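Okay, got some structures for you below.
The two complexes that follow have subunit A in common; it is paired with subunit B in the first and with subunit C in the second.
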Partner chain A sequence: MRRGVWRDGAILLAVAVVLLLLPKAYSNQMLLFQLMVYLALSQGVNILYGFTGYLPFGYVGFFGIGAYGASLAMLDLHFAPLLGILAGAVVALLLGLLLSPLLRLSGAYFAIASLAASQAVYLVIANPSLQNITYGPYGIQLPNQFNPIASYYTMVVVLLLAVGVVLYIRRSRFGMALQAMRDDPVSAAMSGVPVVRERIAAWLISAALAGVVGGVFAWQTSVFYPDAVFTLSISIFAIVFALFGGVGTLLGPMFGTVVLFGMYNMIGISDPQYFQLIYGLLIVALVIFLPDGVASLLRKKGIHVL
Partner chain B sequence: MSSDVMLQVAAVEKSFGGFQALRGVSLDVAQGQALGLVGPNGSGKTTLINVISGIYRPSAGHVRFLGRQIGGLTSDRVSHLGINRTFQVPKPFGSLTVRQNVDVALSHSRRSRRKAEDILAFLDLAAMQDREASSLNTAQQKLLDLGRALATDPRMLLVDELGAGLSPADLDIVAAKLNALRQEGITMLVVEHLLGFLAKVTDDVIVMNAGQEIFYGKLEAAAEDPKVVEVFLGG
Partner chain C sequence: MLYALVAGILFGLYYALISLGLNLSFGVLRMVNLAHGDFVMIGGFTAVVLYSSWHVHPLVSLVLGAAAVFVVGIALYYLLVPRIATTKDPEMISLVLFFGLSQVIEALAVIHFGNNEQSIFDPVFGTQPVSLLGQSLPAVWLVSGLVSLVALALVYLYLYRSRLGYSTRAVMASREEAEVSGINLHRVSAIAFGIGLGLAAAAGALAPFMLGGITPDIGTGLTTTAFAVIVLGSLGNPMGTIAGGLIYGIALMLMQTYLPSWASLLPYVLLLLVLLVRPSGLFGRQVRSA
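For the complex of A and B:
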């Protein structure tokens, strides 16, 4: 146990060092920021899917509502950026709470219903008749808050937080209960695990994380349309990155994000719609043929992925 | 009804769609008793255990445990009150180790004064505690199921066909383990097809058919009861 805490600390430190040195080695800070966004979102998918088996195609809804919650808090309530981001997280958490009955649905129904819910949120926000409240289809402008350096380092902190949460879940009683529930919810309940409560807890953690990331994204970008923060491809990317590397581990989703996001940026930028399709099909293939990703191939060879 | 009744099932019904799997089942299990439950396939034995253990909500009737109404409570709460069970088809946490399977239940129990080491040793699973549960054979998984149940430190254990598929030698070993648990004071309701096994671990038996109780008494007397004979031997 003790040794595990040291090891987790070392991992966090290593991730921090890499993230802080990256901008010195690679000058496209915009791209690095996006990479961090997906590193964090894929950990959010990891928490939900990896530890509970629920595949959230509507995950982008929390990201988008977090971006809007943060932006509106800054614009209308004149919150400072960090406080605004916190407000965005709270809004995402509330949306998660509102949608928590979806967890009663099983498998594919949950995936579809969560997708529908995220689209409903998008339609409300982009609705021209609500322009007075949401700024409607023309989106958000935060000219006074623009601060690429501060928002970059805030994202570093958020990503470290996401990594810390996953490390904690992996070693905690909570995480073991989630894994047990994923294997067999009936047995887990019989073992005394409050299955519904624990599942909702994982859902809310994952929702709040996406909300925070959305808020930092809004701050970094400062100008965005509703489509930019509610596009389905954000869900698809976060899911495929997590699945490809291997959910239930820490490094799997990170590996998946670096490889597949890297690939997307090398060849996909010119025709992004193909990538949405290809990655969508890849999700199907992974769920059917390799549900635990690359990490499970290594595990078969006796290499245990953290 | 005597005062030492631990579990009371009163006129419990359970329907699935239009099909009535339990049609008004009533039974009492006394503190310290080991009651057998037999009946042909599909007579509702597992459904009854599922209702008692909170997996199904009864369609009608009452379940009381130590005087407290538990019908309709979720399984985690039933488990906290001191009822646990094994599954006819064992349900381990396949991706967790044997030890972790027991730890999940131990760490969520509000009652437990048991230790994982003791439970695994008692069930002869100590040597495989670091193996993934999915790699165990069925007999071992059944024992692990029992271990997970024991980890919650139950006052009452519902055992669903633990003997099925075991070799005669293993059957004797499992019967001895159930008897040892009973010596510790655990009350039991034991569903079993194998009457020899049942004779070793229970006092009285209930015979069910088509969702109803048709006999209560000694196992030997059941064999001479005309209704029971008809169900098991007749058309």
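For the complex of A and C:
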């Protein structure tokens, strides 16, 4: 146990050092920022899907509402950016609480219901009738807050937080309870695990994480349309990255994100339809040939994946 | 009000046609085909292209498109489904798989047809409005309603009056028991999957008239709508889909009459409400677990 704590600390330190040094080695900070966004979101998916078995297809809803919560707090309430991001996280948390009855559904029902919920939130926010409150379909502009350097380092902190949470979950009673529930909810309940409470806790943690990431994203981008923060492809990317690496581990989703995100950016986004074609084919190939992720390959060889 | 009701019933039948295939393949495979809406789109483009190149009547394209997609569906089934059926969590993995498939189809459609909306503008079904219950409606709405009814009746006959249909319903009720009683699971499932996609393509041939036009990106929205409709009528019960479609169609028409700017929210809100209040649908067995 003691050694485990040291090892977790070492991992966090290593991730921090890499993230802080990366901008010096690679000048495209925008790309690095996006990479971190997906690293954090895929950990959010990992917390929910990897540890509880609930696949949140509408995960982007929390990201979007976080971006909007933060932006509106900065615009209308004149919050400082960090405080605004916190407000975004709170809004995402509240949305998670509101949607927590969805967890009563199982399997595909949950996945599709969460997708519908995220689209419903999007349509409400982008609705022209609410233009006075949400700025409707014309999006958000935060020219006064624009600060790419500060938002970059905020994102580093958020990502470290996400990694820390996953490390904690892997180690704690809480995480053990989640995994027991995922594998057999009835037996877990019989052994005294408060199934509903623990599951909602994981759901809220994952929602708040996406909300924070959305808020930092809004700060970094500072000009965006509603469809940019609610596009389904954000959910799907996060899910695919996490699945590719292997959910239920810490390094799996990180590996998946770095490899696939890197690959997508090499394909280039100059021709969106070819990009879409290749990434669609990649998803199909991934699911057919490697449904349990890269981590499963290593595990078959007897290597323990952290 | 009466107009909204009558139009709602016709659109409801049409939405039932769009959704029925999704329910059929879900009932048999226990997988949600997220690419369902993209096959509606394929059917639509088939009708548009056949009409603009050779003036093929859309109702003929409907049959041709449905037949072609049926064959494609069976091939796709054997290519994809058996491979993921053995994984740890096939229900979830299939969502990701079919999402990938829908991206591929959508991208190919954009590459081939471009992003612009395409439709059939000639009055193939006549310009004369028809009168129904004292309301005058575009003739094509009535045609679509009738075509949907015919297709739904054919599916009913298949499921309840043919040998293969009996097997299909047996698989829907219980995969394991159907398999041990000697039913060829893959054959039945592949045919049901093919029929499901064929129905989607058939609905697509009427989409230029009923939905106003075809763009490559209509798939995702249609899939969600179809999912809302089949959940309303209860999953795994193909005939409940008709009721789901009617409720959806009428609700849609009422929304468009009284609250037009919020009409696009309808399928999502309806879906959430039904799932939370009565997840087995209006006519279904229990499905909620955990």
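Keep this in mind: the second predicted complex is superposed on the first by the 283 of 306 C-alpha atoms of A that agree within 3 Å, B and C clash if a C-alpha of one lies under 4 Å from a C-alpha of the other, contacts with A are read in each partner's own complex, and residues count from 1 in each chain.
Please note the rule applied: a residue touches a chain if its C-beta (ideal position, glycine included) is under 8 Å from a C-beta of that chain, and two chains touch if they have at least 3 such contacts.
Keep in mind that what you see is a predicted model, and the values were worked out from it rather than measured.
Enquirer: Let me test your reading of the model: by the given contact rule, A:D227 touches which partner, first (subunit B), second (subunit C), both or neither?
Expert: Neither: A:D227 stays clear of subunit B and subunit C.
Enquirer: Using the touch definition from the top, say if A:M190 reaches subunit B (first), subunit C (second), both or neither.
Expert: first
Enquirer: With both complexes superposed on chain A, which partner does A:G280 reach: first (subunit B), second (subunit C), both or neither?
Expert: A:G280 sits against subunit C, while subunit B stays out of touch.
Enquirer: Decide which partner touches more residues of subunit A, taking subunit B and subunit C as the two options.
Expert: C
Enquirer: Give one of first, second, both or neither to describe whether A:R104 is in contact with subunit B, with subunit C, with both, or with none.
Expert: A:R104: touches subunit C, not subunit B.
Enquirer: Check the residue A:D76 against both partner chains and state whether it touches subunit B (first), subunit C (second), both, or neither.
Expert: Touch partners of A:D76: none, neither subunit B nor subunit C.
Enquirer: Could you give the residue numbers on subunit A that contact subunit B in one complex and subunit C in the other?
Expert: none
Enquirer: Contact residues on subunit C for subunit A in the complex?
Expert: Subunit C reaches subunit A through residues 31-32, 80, 83-84, 87-89, 91-93, 95-97, 99-108, 110-111, 220, 224, 227-228, 231, 261-262, 264-265, 267-269, 271-272, 275-276, 279, 287-290.
Enquirer: Which of the residues in subunit B come into contact with subunit A in the complex?
Expert: Those residues of subunit B that touch subunit A are 53-55, 74-76, 79-80, 84-85, 87, 91-96, 100-101, 103-105, 107-110, 145, 148-149, 151-152.
Enquirer: Would you mind writing out the residues of subunit A in touch with subunit C in their complex?
Expert: Per the touch definition, subunit A meets subunit C at residues 49, 53, 55, 57, 101-102, 104-109, 111-113, 115-117, 119-120, 123-124, 127-129, 185, 232, 236, 239-240, 243, 273-274, 276-277, 279-284, 286-288, 291-292.
Enquirer: Hey, which residues of subunit A end up touching subunit B in the complex?
Expert: Interface residues on the subunit A side: 173, 176-177, 179-180, 182-184, 186-196.
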